[in-house]
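Look for chain A in each of the two complexes below; its partner is chain B in the first and chain C in the second.
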Partner chain A sequence: MIPNTIERFVDRRGRTIGLGLMWVVIALLWIPIGIVTLMSFAADRALAFPPDELTLHWYREFLQNDAAIDAVFTSLQVSVIATLITVVLATILSYAIAKYEFPGKGMIQLVVTLPIIVPLVVVGVAMVLFFGVINVGTGFWSVVIAHVVRTIPFAALIIIPTMLRFDETLEEAAKDLGADELDVFVNVRLPNILPGIVAGGLLAFTISFNEFVYTYFVRDTRTETLPIYLWNQIRFEASPEVNVISVVFLLVAIGMILLALAITNVQRITMR
Partner chain B sequence: MLLLFFILPLLYMVWLSFHDGMPPASLTLENYLNVVTTDLYLRVVWRTTVLTVQTTALVVVLGYTLAYSMARFSKRTTLLLLLVILPFWTNYIVRMYALINIFSRDGLLDWMQLVTGLAQEPSGIMYTHTAVLLGLTYVWLPLATLPFYASLTNMDDNLIEAAKDLGAGPIETFFTVTLPMTKNGVIGGIILVAIPTFGAFVTPTLLGGTDQLMIGMVIENQFTEAFNWPFGSALSVIVSAFVVLMLLIAVKFGAGDVVTRRSDTQ
Partner chain C sequence: MSVLQVENVRKEYDDVLAVEDASFAVEDGEFVSILGPSGSGKSTMLRMVAGFESPTSGDIRINGENVVGVPSFERDTNMVFQNLALFPHLTVAENIAFGLKRRGVGREEREKRIEDILEVVELSGYGDRDIDQMSGGEQQRIALARAIVNEPSIILLDEPLASLDRKLRQHMKFELQRIQEETGITFLYVTHDQEVAMSISDRMVILNEGSIEQKGSVQDIYDRPETRFVAQFMGDLNAVTGTAVDQSENTIEVEIDETAVTVPYDDTSAVSDGDTIDIGVRPSHADLVPPSNGGIMSGTVTNHIYAGDEMVYTVDIGQEVFQVETETDSFEIGDTVALTWDAEQTFLFNGGQNVSVRDEHAVQLEG
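Coming up: the complex of A and B.
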C-alpha cells in the first residue's frame, strides 16, 4: 500500500510535476541540437564551451571546401535517384495490394517492415556479401540499391493506406464512361493518391539523404555521401566544419519534415 | 526487389556463417564456437546485453513519463509530437556529434560542472560506458515515446475515473489500471529500442571507442579491417537471433501489431 499522504500529494501536484518533467525531457532532446548550432559559429578550433567568439568563418570554409561540396552533390544524386525508384516501386506495390489478390499477400506487411526492424549493421554486411556474390561490386549503384531497400518500407507504409482509402467506385465510374485502364490510373487514381505519394517520397528522400550504415558498407572509396564525409571528419579530423555540416543536415531534415507535414498530417508520419 | 536485395543477402549471410573461409570452403561450426570460447567476445556480448537492458530501462522510464504527460495533461499534442519526433529525424551522426560537443573535455557538461562546483577539473566523459548509455538513450527515446503515447491515448479514460471513484489514489490507479492497460505499447516500445541497441555500431564507435566494444563494432571490424567475413556473418546471425527472440516475445504478449505498424528506426 502507498501511504495516503503521498497519494494526496500526487493527486494535487501530479499534473504540475508531470508537465514539468515533460518539458525537461523535451529540453534534453533539443539541447544537443541547440549546442551544435551554437558551436557552428564558434571561432575556436577546440570544442570548448562556452565559445569565446562567434564567427561565420567555418561556414565560409565549408562552402570553399571542394570535398564537402562534392559530398553534398553525391548525396543529392543518390537520394534523388533512389527516391524516384522507391516511389515508383512502392506505388506499384500498393496498387497491387489494393487491386489484386495474389499468393503471399498476407506476408507482404511483414516483408515490408522487416528491413526497418533488423539492425542496420546486419543488413549492411549481408548486402555487401551478396553484392560480391552476384558481381554487382561496390560503387555508386550499389549505394543506390541499398538506399532503395532502406527507403521502400517507409514509402510503402505511407502510400499503401492512401491507396486503400481510394474509392474504387470512382474507377468503376470512369470505366463506365469509356476510359481505359491507363487513363483511369493517370486521370482518376493518381490525382487522388498524389498527396500520399508525395509525402512518401519526401520521407524516402529524407531517410536516404541521412542514410549512413548501409552506405558505409556497400560504397567504394569514390562514392562519398555527406553522412560518410561527416563520419570521416569526426573520426579523423574533427574540424569545427563538422558543426556546420550538422546544421546543414538539421535544416534539410526539418525542412523536409515540415514540407511533408504540410501535405499530409502528423499522425501519418508519427503514428503509422 | 526487397526479396532480391534484402532476404537473399540475409540468407546468404546465414549460410556463410557456417563456413571456415569464403566458399567453396568446408562447413563448420567453428565461427560460433569462436564466439563462445573467446573471452573477448564473451565480454563484448555481455557488455552489449548490459547496455541494451540499461538503455531500454532508461528509455521506458523517460519516454513513458513524457508520453503520459503529453496524453493526460497537455492540449497542444500536435506541436508536442513534432517537438519529440523532429530530433529523431535529424541525422544520426549529427546527433552523435552533438553529444560529442557536450561530453568532451571542456564541453557543455564540464562547463556546467565547473559553474555549479560539482567538479574542479574538466575531464569529459567521452569513451566511457556512461557516454555510450546516454548516447543510445538520446537516440531511441523519441522512437519509443510514440507507441507509449499511442497506447495511452487509445486507453479508455473512464477506467481511471472508475478506479478513483472506488477510492484508489493516483499512484495505485497508475499501477493497477493505467500501466496494465498500456502493456502492449510498453512492450512495443521496449522492442523498438532493444533491437537497434543490440545491433548498435555508430554510437559505441563515436562515443565509446575501443574501450566500449559492442557486437556491432566487432561485426563492422570483421568486414572492413579483419576481413574474416564468415566470422562477421556468425556474429550478425547472433544479432539476428536476438531480433527474432524479441519479435517472438512481442507476438507472445500480443504486441506484434505495434511493431509491424510502427515504422521508423534510425
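Coming up: the complex of A and C.
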C-alpha cells in the first residue's frame, strides 16, 4: 500500500501535479518543433544553436528550388488521392460492420488494424515483390496504393467507432418517412458521422504526407515525395533548407486541421 | 373498410415465438392501444406494421392492401419512436419537412403544412431551432408532428411517453388525445402502461407472451376481463384461492380455508364441484369492518399506507396478502379485522379463465 503521507500529498496537490505533468508532456512535444522552426531562420550554413543571425534566406532558396517545389506537389497529389481512397474504403467497411451481422464481425476491427504492428520494411519489400509479380512495377500509382495500405488501419480505427455510435433508429425513422437506402445514407447517416470521417481522413492524410518507408521501396525515380526529397538532401548535404521543409510539413498539417474545422463543426470535432 | 387489418400474424425469431396467431383490426379515426408487459410481443407487432420486421406468416392489410414484403419507405404509415429518433443534424422544421419532401410535396405547400402542424403541437415559431435546444416534452411534440404532417393512414406510436416524468406524461397524454381528435388520424399506440392506455384509447388489444388475451373497448376490458392475466394487468387485484363446493341457481359456494364464501354466478357449465377457484377482488371494491360486524373473511392488518384521501391496508388472510383501499382509518397494525367486498364486483377464475359472466351487467353497460 502507498504510505498515507504520499496519498495525502497527492490528494492536496493533485491539481498542481496534474497540470505540471501536462505542461511537461506539451513541452516534450513542442520544443523540438519550436527549435526546428527557429533554426529555419538561421543564417549560418552549419547548424549551430542558438543561431547568431535570423534571415529568410533559406525560404527564398526553397521557393526557388524547383526540385523541392515539385516534391511538395507530388506529395500533395499522392496524399490527396490516397486519402480519398482510404476514407471511402474505411467508410464502406465500417458501414458494413455497423449495419449487418456476419460471421467474424467481431474480428474485423482487429484484422483491419493489426497490420500497424508489422515492420514497415517487411511490408515495403513484400510490396515491391508483389507489384513486380502482378506487373504493376514501381511508380506513382504504386506509391498511391502503398499509401492506401498504410493509412487504412488508422482511418478505420477512427471511423469504425464513429459509425458504431450512429443511432440506427435514425435510419429506421428516415425509412419510415419515405427515404430509400441511398437517400438515408447520404442525407441522414453521412451528416451524422461526418466529424469521424473528417478526423479519420485528417489522420490518413498526415500519415500519408509523412510516409517514407513504403514510398522508398515502391517509387520510381520520377516520383519524389517530400520525405524522399528531404532524405536525399540530408544524405548529400545537410543544409538549413531541411529545416524549412520541416516547417512546410508543419504548415501543411496546420492547414489541414483548419480546413477540417471549417468543413465540419468545431464543437463536434472536439467532442468526439 | 378497416384502415389496418392484422390477420393470423405469427413471428418467430430462430427459436423464439414473438407473436402467435394475432388478429385484430383498427377502424378509421380510432385510437387503439396494444397493451402488454415487456416481452409480450407488442413492439414486434408494431414494427411489423411499420415494415421493419416481416411476419413469419399471416397478412397485414393497410386500407385493404396486403403490405407484407413492402418496405417501410413505401408504406402509408408513420411511426413515433420510443427514443423519438429526431434527426440531430436538422432543425425542427427540417425534421418535419423530411417526410413531406419524400412524398413530393412542393415547397410552398410544405411550408404551410409545417406551420400548421407546429401550431397544432403548440410550437409555432420554433421551426428554426436545433433539436438539442428543445426540452424533452417539446421533442415529443416534434416527433409527433413529424409523423402527423404526412397525413398517413395510420400513426404508430411505440411508447413515446415512457421516458417522461409523471407530470409531463399526464400532460402529454391529454395532448395526444387532443391532437388525435383534431387531426382525425388513426392512432395505434403500443404501451405497457395500462393507466395511459385506459385513459386515451377507444379500444385496446391486450397481449401476453405473444398472444392476444383480449380485445375490446376500454370499459369492456376493465369490467369484464376474460382471463385472470387481463384482470391483474388492468389494475390491482386480490386473488383468493378456494374450492368450489356447491352451486345453486344464482350463486356458487367456494370454501376457503374452511370458510364458505358465496359468490353470485349464473353459468352452471363452467365450474364443477371440486374445481379450484380464484375469487378476484379489486382493492377499491373491498372494505374493512370490526370483527364483531361479521364480514366475509377475517384477517390481521400487517401494514397501512396513507394514500391521499384514502388508506391502503394490507391484510393477512392466511394466503396471499389482501389489499384494501378504504376511507376508514380506524385500524392499526396487528388488529384483527373482517373483510367485506361488493359481491357484484368480484371475478371468478377457473383455471385462469374468468367465468363470472354477468350478462345483465353487460347489457346495462352497452345500453
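Annotations for the structure displayed:
We take it that the second predicted complex is superposed on the first by the 222 of 272 C-alpha atoms of A that agree within 3 Å, B and C clash if a C-alpha of one lies under 4 Å from a C-alpha of the other, contacts with A are read in each partner's own complex, and residues count from 1 in each chain.
In the analysis below, contacts are C-beta pairs under 8 Å (C-beta built on N, C-alpha and C of every residue); 3 or more make two chains touch, one makes a residue touch a chain.
Source: prediction; values computed, not measured.
Of the two partner chains, chain C is the only one that A:Pro191 touches; chain B does not reach it.
Using the contact criterion defined above for the overlaid structures, shared-chain residue A:Leu56 touches neither chain B nor chain C, since it reaches no partner. In the superposition on chain A, no contact is made by A:Ala262 with either chain B or chain C. Counted by residues of chain A touched, the larger count belongs to B, out of chain B and chain C. When both complexes are overlaid on chain A, the residue A:Leu170 reaches chain C alone and has no touch with chain B.
By the document's definition of touching, of the two partners only chain C reaches A:Asp183; chain B does not. The interface of chain A with chain B does not overlap its interface with chain C at any residue.
The part of chain C that touches chain A in the complex is made up of residues 50-52, 71-74, 77-79, 81, 83, 85-89, 98-99, 102-103, 146, 150.
Of all residues in chain A, those touching chain B in their complex are 2, 4, 6-8, 10-11, 14-15, 18-19, 21-22, 25-26, 28-33, 35-36, 39, 46-50, 89, 109-123, 125-130, 133, 145-146, 148-149, 152-154, 157, 206, 210, 212-213, 216-217, 227, 230-231, 234-235, 242-243, 245-246, 249-250, 253-254, 257, 261, 266, 269-272.
Touching chain A in their complex are the following residues of chain B: 1-3, 5-10, 12-13, 16, 62, 65-66, 68-70, 72-74, 78, 80-87, 89-102, 104, 106-108, 110-111, 138, 141-142, 146, 150, 169-172, 195-196, 198-202, 205-206, 216, 219-220, 223-224, 229, 232-233, 236, 239-240, 243, 247, 259-266. The part of chain A that touches chain C in the complex is made up of residues 167, 169-170, 172-180, 183, 188, 191-192.
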